[in-house]
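Next come two complexes, and both contain chain A; in the first it sits with chain B, in the second with chain C.
Moving on, here comes the complex of A and B:
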C-alpha cells in the first residue's frame, strides 16, 4: 500500500510541474511581446525596456519559471491584476469559497439523487422505470447548461417570481444555480452507476452469493452495492474540478462572483495574470483530486493496488 | 431476397430506430443549412427598426430581436454555423488524432511515450478550462473556438487509434505488406487505417454532440462567434438581456441547438449499434 501511494504521489508531483510549466509558458505562447501583455496596453513604448528588466523578463525562461513558482508557493503571490490594479490573490480569495460551496453542494445533491436512480435502473433492467430514466437522461445530455439555466430563470424567476433573478445574498439565490448544476451532472452519473452495477451483477461472486442461498435483498446490498460503489466514489472525487469548470457558465448567467465568473471576465478583458492564476488553481485542484481518487481506489480495491505496484503490496 | 452485404446493411439500418430518427433529424438540419436562403423569409442581419422585440406573429413566426431582426431567419442561418462547427471540429480532431495515433502505435518508442504523456496531461485538465486557456492564447472568434475544442479533444481519438494500431500491426497481412516492400506510410494509411474506419465513424458520431455543445458554450461565453453572427449560443446570451420582454429570444435558439445535438446523439447511438456490435450499450 505504501509503495502504491508513493508511486501515485510521485506521478502527481511530476504532473503538477508539467502543468504549472504549461500554464506559465502561456505568456510566451501568446502572440506579441510578454512585456506589453504584463504591463497592459497603456504603457508607452519607450518605457518597455525598463519594464522588461524590472519584471525580470530578460532572464532565461527556466529562471523566470522558478521565481514564479517560488512566489506562488511561498508567498501566495500570483502577480498583479492590471485591470483592478490589485494583488490577484486578494481577488481570488473571495471567489474560491463561493465556487467551492456551490460545487460541493451540487455534487452531494447530484450523487444523492443519481446513485439510487442508477442502481434501481440496473436492478430493474428493461422495466418501465429503467426505460423512462434512461431516455430522460438521454434528452438531458442534449441540453446545454446555459439554456437550462435560462429556462429555469424564465419559469421560476420571471413568470412565477418565486426566486430572485440574480445576486448572491440569500440562500434563495443559490437554488436555481444549484438546480442547473445538479441536472447537468445527473445523466452521466446515472449512466455510470447503472453500467457499473450491471457489470457487478454479471460477476461470478454474485452467482455464488445467490447459489449459497442468500436472498435477493442481501445480495444486492452486501455484494452488488458495495462493489459498484467503489468506482462511483472515485467518480465523485474526480467530478469536483469538472464541476468547477462547468460552473463558469452558470456563475456568469446568475451573476455569482465565483472563480468562473472572474475567469471569463478576465479572459474577455485580457487580464492575463488573473486568467493564469485561475487556470493554475483549477488544474492543480484537478490533479490533487485525481491523486486522491487513485489512492481511495487503491484502499477500496486491492486488485488495482496490486496491478500498479506489480504484486508486492 | 437479395443477400448482398450492402443490402443487408441497409435493411438493418432501417430496423434501427435510433439510427433512422437521428438520421432524419440531422438531415433536416442539413437541409435547413443548404436551403437557408430559400427557407428564411429575411436575411440574418436585416433589421426592421419599426418592429423591435415583436412577439411571434404571422409576419415574424418566432418574433424579432432588439434590433428588429427576424428570429426565425437568424435561427435558419445559424444552422450553417452549427454544421460548420461540426464538420470543421470533427475534421480537425480526426486529422490530429488519427495521424498522431497511427504514428505512435506503429513506431512506438520515445515519441510514443512522449505523446502518450501529453495525452494523459490533457486528460487531467478539465476540457472547458483548457479550451478557455487556448482561446486566451490565440484570441476569440469562431475558428479559434473550433481549434481550441479540437486541441482539447484530439487525445481521445489518438488514444483509440493508437490502441487499435498496436493490435493490428502484428497481424499477418501487415507482415505481407512489409515483405512486398511497402513503405511505412503506405502500411499505416492503406493497410491499418481502413481497418479502423468503422470504429472511427462511431467515435466521431459519439464525439460530435460534445464538440457542438462545447463550441456553442464558448460562443455563449463571448469568446467564440462574435456579433452579428447568428450563432445559436451567442443568440441565447444576447437574449438574456431582454429575458423579461422577449423570452422567445432565449427559448428558440436553444431549442434548435437541443434538437440538433439530440439528433447527433441518437444518430451516434444508432451507428454504434450498427457498426460495432461489441460496444453495444447495455
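Moving on, here comes the complex of A and C:
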C-alpha cells in the first residue's frame, strides 16, 4: 500500500508541473497586455516599457515561469495582482475557504441524498418510485443553474423573505447557493448509483449472499452498497474540482466572494497573476482529489491493491 | 434410511417474457431422501438450474411464476414467506453455484464470507473464525489459515469452489444443492470436489441434489437420476435403472452419445435438432421434433408417466404402444 501511495504522489507532482507550465504559457499567449490595461490610455508608450521591466514582463517565457514557480514553491508567493496592487495570496486566502465550504457542503449533501435514492431506485427498478425519482432529478438537472438561482432568490428571498438575497456572513446566505448546486448535481449521482447498484445486484455473489440466508437489508448494505461504493467514491472525489469551477456562475449571482467570482473578474481584467494562481489551485485540488480517490479505491477494492503493489503481506 | 427430505410435486416455473410466458419447468415431481445423492441431468437450458433456484426462491429477475409444491420435511416452501425462507437458506438447504469466482464477493476475505453465514446462528466472531479454519481443513483447503485471510481473486478455481462448499456446509444443512459444481474446474479438481461431497454425505447424512450435464459424474456418485428435457423430467430411476435399462428415446440417445473407451466406434453419435423454446402452450411430447420413433399421437397428446419398477418411471407414448401390441 505504501509503494502504491508513493507512486501516485510522484505522478501527481509531475502532472502538476506540466499543467502549471501550460497555464502559464497560455496566458502569455493571450492578446492584450496587463501593463497597458493597468496604466490606462493616458500613459505614453515609452513609459510603459519601464513598467514592463519593473514587473519583469520583458524577460523570456521560461525565465518568467521558473521565477514564478520558485516564488510559489519556496515563498508561497503568487506575485502581485496588477489590478488591486496587492499580494495575490492575500486575495486568495479569503476566497479559498469560502469556495471550499460551499463545494464540500454541496457534495456531502448531494451524495447523502443521491446514494440512498439511487440504491432504492435500483432495488425497486421500474417501480413508480424509481420513475418519479429518476425523471424528477433529470428535469431538475436540465434547469440551468443561473436560472434556478434567480428563481430561488425570487421565491425565498424576495417574496417569502425567509433568506437573505446575497452575501456570505451567516449560514443563511449559503442555503440558496447550496440548494442550487445540489439540485444541479443530483441526477448524475443518482443515475450512477443506480446503474452501479443494478450491475452489482445482477452479480452472482449477491445470489450467494441470499443463499447463505442473509436478510435483504444485510445483503443490500454489506454486499450491494459496499461494492457499488467503489465507483461512487471515485466519482465523488473527481467531482470536487468540477464543482469549484461549476460554482463560478452561482458565486457571481449570489455575490459570494469565492474563487469563482475572483477568477472571472480577474479574467475580464486580464489580471494574469490572479488567474494563474486560481487555475493552479484548482489543478492542485484536482490532483489531490485524484490521488485521494486512488488511495480510497485501493482501500475499497482489494483487487486494485494487489495489481499495483503485488499484494501487501 | 429412506426418509423423505425434499419432494417436488408438479412443480412448474414460467418466466414472463415479452408477449407471453416461457415454460422453463413443467410438471416436475421427484423425491429426494435423506442422505441420498440425486442427480439431475440434461442439456443446457432444460430447466435444471431453474429447479435448483426455485427451491430457494433465488431466481434473479423475480419475474417467474412458480406453481406446485416444494415439500421440505413435509412443509411447502412455496408457501413460505420471505422471512421464513431466510431461515431455510444456508441453514437447512445449502447451495453451490456453477462459477465459483462470480459467486464470491471480491471485496471481502473468503474467511469472512464463510463466517458471515455462521454468525447468523449467534455465535461469536472468534468461534466462527475457528470453525472456518476447521471447515477449510475438512474441504482439504491447503494452508487453511492463510487462505481464510485471502481475497477470492488470490485463489485458484478449485480453491474458490472449496470456499463455496465450506460456506454452504458451514451450518450443516440437510440438503445441499450443487448446481454444476465442477463445470468450471478441470478433471483432477473435479474428482477432489466430488470426494468432498461424498464424504459430506457419509459423515453428516446430507442429501445432495447434483445438477450436471456430465453422465460420467452421475455414474460415479449418484444414487438416483432424473433425466430432464425441455423443462420436463422424461425419465427417472436409480443410477442402475437409467444406465442399464434406459426406456425413454432421449435417454437412449444420450447413452449412445457418451464417449466410449474404444476408438473403433468412430464418431460420437449426436442428437439432431435443438431444444424447442416453449413460449406457447402446446400439447404433445416436447421431444417430438427430434425423436426418431415419433408417432402421430406424440404431436397431440402429452405422454403419461409409465412405471417400470417402484423407482423407475418415464414419460413416452412409445413403450405403451409396444406393450399393447405384445
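By definition in this document, the second predicted complex is superposed on the first by the 273 of 313 C-alpha atoms of A that agree within 3 Å, B and C clash if a C-alpha of one lies under 4 Å from a C-alpha of the other, contacts with A are read in each partner's own complex, and residues count from 1 in each chain.
The criterion applied here is as follows: a contact is a pair of C-beta atoms (placed from the backbone, for glycine too) under 8 Å apart; a residue touches a chain by one contact, two chains touch by 3 or more.
Keep in mind it's a predicted model, so treat the numbers as computed, not measured.
Enquirer: Could you look at A:208 and tell me whether it touches chain B, chain C, both or neither (first, second, both, neither)?
Expert: After superposing on A, A:208 lies in contact with chain C but is clear of chain B.
Enquirer: Which chain, chain B or chain C, ends up touching more residues of chain A in the combined arrangement?
Expert: B
Enquirer: Have a look at where A:45 lands relative to chain B and chain C in the superposition and call it first, second, both or neither.
Expert: neither
Enquirer: Check whether A:29 is in contact with chain B, with chain C, with both or with neither, and answer first, second, both or neither.
Expert: first
Enquirer: Counting only touches as set out at the top, which of chain B and chain C does A:301 meet: first, second, both, neither?
Expert: In the superposition, A:301 contacts chain C only.
Enquirer: So which positions on chain A get touched by both chain B and chain C?
Expert: After superposing on chain A, no chain A residue contacts both chain B and chain C.
Enquirer: What residues on chain B touch chain A, complex-wise?
Expert: Touching chain A: residues 121, 124-129, 132-133, 135-140, 209, 213, 216-217, 220-223, 233, 236-237, 239-240, 243-244, 247, 250-251, 254, 257-258, 261-262, 265-266, 282 of chain B.
Enquirer: Could you list, by residue number, the parts of chain A that touch chain B in their complex?
Expert: It is residues 15, 18-19, 22-23, 26, 29-31, 138-139, 141-147, 150-151, 153-154, 158, 194-195, 198, 241-242, 244-246, 248-249, 252-253, 263-264, 267-268, 272, 275, 279, 282-283, 286-287, 290 of chain A that touch chain B.
Enquirer: Using the touch rule from the top, collect the residues of chain A that touch chain C in their complex.
Expert: Chain A residues touching chain C: 202-205, 207-216, 222-223, 226-227, 230, 300-303, 306, 311.
Enquirer: Per the contact definition, I'd like the list of chain C residues that touch chain A in the complex.
Expert: My answer: residues 53, 56, 58, 60, 82-83, 86-91, 94-95, 97, 99, 102-107, 116-117, 120, 151, 153-154, 164, 167-168, 171.
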